[in-house]
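Let me begin by handing over the structure; questions about it come next.
Letters A, B, C, D, E and F name the chains as they come in the text, with residue numbers starting at 1 for each one.
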Amino acid sequence: MIITFGEMLLRLSPPGYLRLPQTQTLNFSFGGAEANVAASLAFFGKSTGFVTGLPDNDLGQMCKAELRRWNINTDEIVTRPGRLGIYFCEKGVSQRPSKVLYDRSGSVLSQMQPEAFNWERILRHAEWFHFTGITPALGNNMEKAVLDACRTAKKFGVKISCDPNYRRNLWDRQTAENVLSQILPYVDVLITNDGCADEVFGIRPAKQSSSDELFPEDYRSVAEQLTDRFGIKTIALTIRKSISASCNRWSAVLYDSKKLYTSLEYTLQVVDRVGGGDSFAAGLIYGITEGYEPSLILEFATAASCLKHSVEGDVNFVSAEEVLALVQGDGTGRILR
Amino acid sequence: MIITFGEMLLRLSPPGYLRLPQTQTLNFSFGGAEANVAASLAFFGKSTGFVTGLPDNDLGQMCKAELRRWNINTDEIVTRPGRLGIYFCEKGVSQRPSKVLYDRSGSVLSQMQPEAFNWERILRHAEWFHFTGITPALGNNMEKAVLDACRTAKKFGVKISCDPNYRRNLWDRQTAENVLSQILPYVDVLITNDGCADEVFGIRPAKQSSSDELFPEDYRSVAEQLTDRFGIKTIALTIRKSISASCNRWSAVLYDSKKLYTSLEYTLQVVDRVGGGDSFAAGLIYGITEGYEPSLILEFATAASCLKHSVEGDVNFVSAEEVLALVQGDGTGRILR
Amino acid sequence: MIITFGEMLLRLSPPGYLRLPQTQTLNFSFGGAEANVAASLAFFGKSTGFVTGLPDNDLGQMCKAELRRWNINTDEIVTRPGRLGIYFCEKGVSQRPSKVLYDRSGSVLSQMQPEAFNWERILRHAEWFHFTGITPALGNNMEKAVLDACRTAKKFGVKISCDPNYRRNLWDRQTAENVLSQILPYVDVLITNDGCADEVFGIRPAKQSSSDELFPEDYRSVAEQLTDRFGIKTIALTIRKSISASCNRWSAVLYDSKKLYTSLEYTLQVVDRVGGGDSFAAGLIYGITEGYEPSLILEFATAASCLKHSVEGDVNFVSAEEVLALVQGDGTGRILR
Amino acid sequence: MIITFGEMLLRLSPPGYLRLPQTQTLNFSFGGAEANVAASLAFFGKSTGFVTGLPDNDLGQMCKAELRRWNINTDEIVTRPGRLGIYFCEKGVSQRPSKVLYDRSGSVLSQMQPEAFNWERILRHAEWFHFTGITPALGNNMEKAVLDACRTAKKFGVKISCDPNYRRNLWDRQTAENVLSQILPYVDVLITNDGCADEVFGIRPAKQSSSDELFPEDYRSVAEQLTDRFGIKTIALTIRKSISASCNRWSAVLYDSKKLYTSLEYTLQVVDRVGGGDSFAAGLIYGITEGYEPSLILEFATAASCLKHSVEGDVNFVSAEEVLALVQGDGTGRILR
Amino acid sequence: MIITFGEMLLRLSPPGYLRLPQTQTLNFSFGGAEANVAASLAFFGKSTGFVTGLPDNDLGQMCKAELRRWNINTDEIVTRPGRLGIYFCEKGVSQRPSKVLYDRSGSVLSQMQPEAFNWERILRHAEWFHFTGITPALGNNMEKAVLDACRTAKKFGVKISCDPNYRRNLWDRQTAENVLSQILPYVDVLITNDGCADEVFGIRPAKQSSSDELFPEDYRSVAEQLTDRFGIKTIALTIRKSISASCNRWSAVLYDSKKLYTSLEYTLQVVDRVGGGDSFAAGLIYGITEGYEPSLILEFATAASCLKHSVEGDVNFVSAEEVLALVQGDGTGRILR
Amino acid sequence: MIITFGEMLLRLSPPGYLRLPQTQTLNFSFGGAEANVAASLAFFGKSTGFVTGLPDNDLGQMCKAELRRWNINTDEIVTRPGRLGIYFCEKGVSQRPSKVLYDRSGSVLSQMQPEAFNWERILRHAEWFHFTGITPALGNNMEKAVLDACRTAKKFGVKISCDPNYRRNLWDRQTAENVLSQILPYVDVLITNDGCADEVFGIRPAKQSSSDELFPEDYRSVAEQLTDRFGIKTIALTIRKSISASCNRWSAVLYDSKKLYTSLEYTLQVVDRVGGGDSFAAGLIYGITEGYEPSLILEFATAASCLKHSVEGDVNFVSAEEVLALVQGDGTGRILR
């Protein structure tokens, strides 16, 4: 079973491209980086479990019900009195960016003791453990919980992946760097993007091929520096070139301490880019656990996250067959009958 | 200007009679006991102002915009970093009750210092000051703010009305009794319902006319006891007989230390009963400030709150003309062309 | 073919029980007294045609398309530059009445010349001609058009029915009485309600059986007076007792110059009462043209209009089979599978 | 684990009270008598499993996901090429009945071989087995599957309950009687309603207490005859008095071969009556498996199904706590905060 | 009158870009290749009639009502007990393709006898007869019905057009080739696309101008081969280059046995591509029956289908004036006031 | 305070890209060129007032409430019996243009006397006065009202801006030229677009840089001619290149009688282009009144109107901070968290 650990949030979005002051209804869904990864893996057909803390009220129960609907094991979810974090999300379009308003402080997970989770039981038979930097960013308790989980995973030989996912409204850069520097040495696979390595660790491309634009090859030095600094063998970086909120170019690189693999680049008409990185992480973990070749791992992850941008909400409602069809070159959008 | 003081909340409700686990969209509106009273008075044509603390984000700005739309003065609203309280409301029907899930702890108003509001400036030229027991229930700071406001109002000869509005999830009975016992001596008009006086102060009808049912006359002793205990001259009590969540009988009494006035009783098909008491308070304040006779004050307030039950949301979108038409006997619902 | 003649309007209604200032969307449909009658007759299986003037724009074309969808012949509809009348309709509930805001002045039909319609061609082979008092109320031109149509119908032996349908915002009582007094002598079947005869002609029940309430028998004298004054052989009156906007009692009487027939009384939970009278008229015309016995004619018309109150919009989407099932006593609402 | 076995259907309903020709959108949900029972039991906190055949397409996967969301075990669901049955449901109101249009013929379950289900594995450790008459009505294969299941259940000492649920569009009365007469001898608990016993078996009350109305006591003889004929020890009958599609009176009786228990009668404002009988069956099974006294079993089942009528859709989104609150007398619909 | 013959389907689509597992509502509309062609021609102002078999239930009646709304003659539609075919359609976007899930097997038309249609009466005075390959693909009966219709059309000198519209889920390639090879010799105008000729008949461009891309001129050999093989004088081919599901390039060629005409190429932002080919067929038939020059016929058909891609649903709600405005070069989308 | 003067309209739009005959609901909002400008300025933080005439009914009150919500002073709005103008707006996409159907004739403002507005009181302390050519196009009365306002503004030294905004369905070109020629000499800042100067005044670029396309520099001569003819010191022109209804290129020039400033060009994915010019005017007035340098004034106005194209409705729900962020180069649409 692939285990992910993190916070689940209620997402409230105005319909279409309406801004918050224009709407009388909000679309209601659930998300959260690690739940998104678990959902995507479950849709690909993997056995997955999600570990979190939820409030012992209707919203907490609805989270669990939704996780079950996504075919995710919920046995190790802990419920406590408290609140569920919320975020409001206006979808951007053209030159207007998406805008996220968080109302997550004081959430039940952030208030939980690290001992609330029985990592021995959770990870003993696990195949993989994944989390993002958002979990330790929730405070000292969750920082400790992540470290406990990583140590336990290592003990049982469970592979660990992490997406640092820096959020400046949760912690400052310095704290993030300190905490992540303790955690990353446990990590086998680091999944991040072109901006995050620079923002948190000051790691940036050694040189730039052209003045205007970065090319995948430019990211080799970023991967090498991350490998050198934290001893992580596998580094994957997504590369987003935002033409506008509606049009992005999207590709990725994978570095396995030896070779840098570069993916196809997709031009995306963006329906919803929240969860784009999570769907990439899910694709990567899928490819690795399925035993794909590195280049196919990378193409699968990139195609999976390409498709995510065409799906509303946080979660990538896409099957492995659909991803493979895109990998095999059918991105033309002809009707499937 | 009539000033009300309290907390504003974001209300999120499933459409129609859906329960939370059944919905993918939520209707989005704003409410809060004292804002509801101000809105209703503004729709009746009175000059009104609302005093509160709001977060300095989009939701806070939307609250202010909505208050302006309702024609309420927002000059004395204070904005600060923080969060807006939220409540989720499932509408009941038939034997299934409405269900409210609060997510209001840590709201920006509850965290504010009492000195944040300049009561001298706010109340110097005011005509009336209204609040409910929810405001002091938000914590010591707001308890002090209410007492400051009451003292200032008294100094300027501003009439004060209060609806104790006991909420057990905000404070326990004993705290409520202690705090309200300090506040009520400042109050000129007490607006409450048949259950609240018993629940907080242990004041109940001296006798009951029949074994099955209370009649308006039975509430005289409740009013007398409240007058005796807190020295409040004017007491209004709403009387709700819930046949089911969809069908209520609704009436009220008014006691002016001399005489008990009893209203017509309406049989309501309930569209939304949230804000029913607030619309009654607004009707009562309207009647008093317009100089109506006591019996018309009471009938106006009862008819106003009768109509509220036919309006979706917290706020009573009804004009004084519409209330008067109902007072004058047109409750038959014939089409107005 | 049954021909009806009148104005078609665009109806815009807030969803559910929302009031206009609460909504961001409006439900969009078409209606109008005479179009409603034609639609109902078409759903009963009769051959029908509707005569009107419509603007030569998208809205006019949509009216025609909707009439075709309802299976109504549109060959004699005239199009001209101009505007379509509009009405906004808030649905009432409980003690709050429905509220209609008309924006129909200057409509294309009201500006049309009476000669625009070729009554010889329209009525030569018709089975029936129906209109309401709203048509002549649109102004002198339509007053003349109605008189032309009535004379032509008489010439060809076509039966004429009229529902005076007094609208005080279209004409004053005196004008209505004058104009209708010219028209009614042509009419074979008069369809009206308990209030209209009094309001326009000052004709009211000679006596009242009880102080509180009118009984169907009380309406005999109203029917007799109408027969005496205008020489109309068949008079049908609907009787509405509004308990509230949501609950009405509904019955009718039919007077054939000899006998007064009285229908069953239905207690209605009102979904939408606009078009209630029109659905009764359609039921009556159906019963007469099908050669039913007077008592069945009346029960069919009453049951048809009973069902209309359960249907959203102006138009009675109900089949003759469904009406007959109700006439035969199945008003219990058990599921039809 | 409580096992239920039957067909799942896609339900498509116009919003609100719209009729099919009036709508452009359909509400989309899943239902089916036995799935409804399993869902309700799961919401009460029981371990449940649902056995069925589903198409191997997106709709089949969505059914499974929804069952998981409802916390129902789906391990024994079989998927095959084929189609999912559909039903269109117009909600009735006032005198207009609900109208169901079935499009279920040729469904994948009805085409399945009886051997598709491994009853030994399914029932060996089960606590209860429930099905309705709809399952054998799907054809000879499912008739045989039900008999196989009943025999296996008996072998393992699993209690069996059945709701005959006669549907005249699936089979004729004679076939139903023949098939059910083979099945019912296996049944421990028969759950049916006042009409069905008469319709299928010609069993009706021996006498009627009054000319107008049946009283619960009148149903004793129906229960006795069912016990005599099929040797079923426990018989429960729901009693619906339809005042209209919107207003029903609802009660039930329980006969344990010795005593007839009669429940409270509820006056329902009907939101959605589909699944009313299923929610009663779930309540009954819950009460029995929890070891309640017979009178509480009956009151729990009746209150559960009372609440179902206030919930949209087939499925009773109600907890055991909510049912018990109603049993304990709080049917007044006061707001739960 | 232009007659089209084929199956009508109920189309159910999630709103916006939602996938099926994400939606609780479905947009409800009707479509079907030949009905789409008739509707488009009716909107262009032509007299049209649609021939089909429909179920004798509410859905069948709604189909007829919708056809009437589109101004299509429904006199020759036959109703029978049975079911209406359904299709679920997820709209694709970006790299994610549209996905159609058919539930059309056992539809009433596919079960009908070929004799159900009176081709002598239907076609005696017709101007044109159009069908697609979907109709004979429904089975032997419809294959025979199409052949009967073609023979009758030929007898009366009615022009015949056909769009082979190969659907692999309805028949296999070999059956399609066999059946179509019998039918096509009757056809005067063949309307197809770049993929279909290859897929069914193995006819592909003789050479390709460039390695990357086909140019309109490359299709001359396809047209010539079709002409040679089936003796069809007029061949029109649409050419779609799918950049993604959201962005297509669209053009067409027309071959009149002498000359190959090539249209403008449009870059489409795709709103809904279902019905794109049907709208082209309608434009072509319109142009021919209006007596346009070949180049204008082609440009009209291409522009009509270009606009279809901007319209939701199967049906091209566009007037001839709007198409001509685009033909005359106004594709800039400036607001029409 | 910045004062704008003009007509407010009710806007009714089908959801998404539906055409009018496809919809059953209409989105309901308010707009009007001068109200849009005032709203945008209020969102930028300026003190603004809107002057108009409104009907004394619910729609008029809703207009005022909406203006208050937008933070616009409504003290000088006059209410009278009459109607509110309406427009129906189908949103275009791809090659299909947006289509506006006006129903504004006979509106209350167009019927009002010029003396209805007290310009002395309105403008005495104003900072700026803005109107568009639509206001005098409403008829002689409003033509006189505009002239009165301009003279009064000049007297008090209030700056005047005007957007001629030619609407051919309101007046013919000759009348427009005559009337505007009287008004423009009062104007300090003229805001128009590349088409309007040509259409009304026959003023077009002296030469064109290339055969295909106009470049910003080409508009210098247009600005010079306008300055010469009407003595207007400041001329701003927006330049729209419509690739399709969905994709526009957008830029602007500003001429201050000395220098021509040219803005960045944005490639827009158009959500709603109604109000694009109004948002530019608001941006320009904001920049001037904030004392920005000419180049920043122009970039601010261009960026503001760029963002408007991403916002639904007439009104630009965008803050000054958001505009400045775009001016400073962040048009990439990355998520703001």
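Observations on the structure shown:
One rule holds for everything that comes next: a residue touches a chain if its C-beta (ideal position, glycine included) is under 8 Å from a C-beta of that chain, and two chains touch if they have at least 3 such contacts.
All values derive from a computational prediction rather than experimental measurement.
Repeated interface, listed pairs B-F, A-B or C-D, reference E-F: C-D, with more than half of the contact pairs matching by residue number.
In this assembly, the chain whose C-alpha centre lies farthest from chain B is E. Here the spacing of chain A and chain C, counted between their Cα centres, is 62 Å. Inter-chain spacing, taken between the CA centroids of chain C and chain F, is 46 Å. Each of the following residues of chain F touches two or more other chains: 16, 21, 23-24, 65, 270.
Interface residues of chain F facing chain C in the complex, by the touch rule stated above, are 12, 15, 20-21, 23-29, 57-59, 61-62, 65, 83-84, 86, 88, 101, 103, 105-106. The part of chain A that touches chain F in the complex is made up of residues 16-19, 21-22, 92-100, 102, 167-169, 242-247, 270, 273-274.
Against chain E, in their complex, chain C makes its touches with residues 65-66, 68-71. Chain D meets chain B in the complex at residues 16, 266-271, 303, 306-307, 309-313, 317-318, 322, 326, 330-337.
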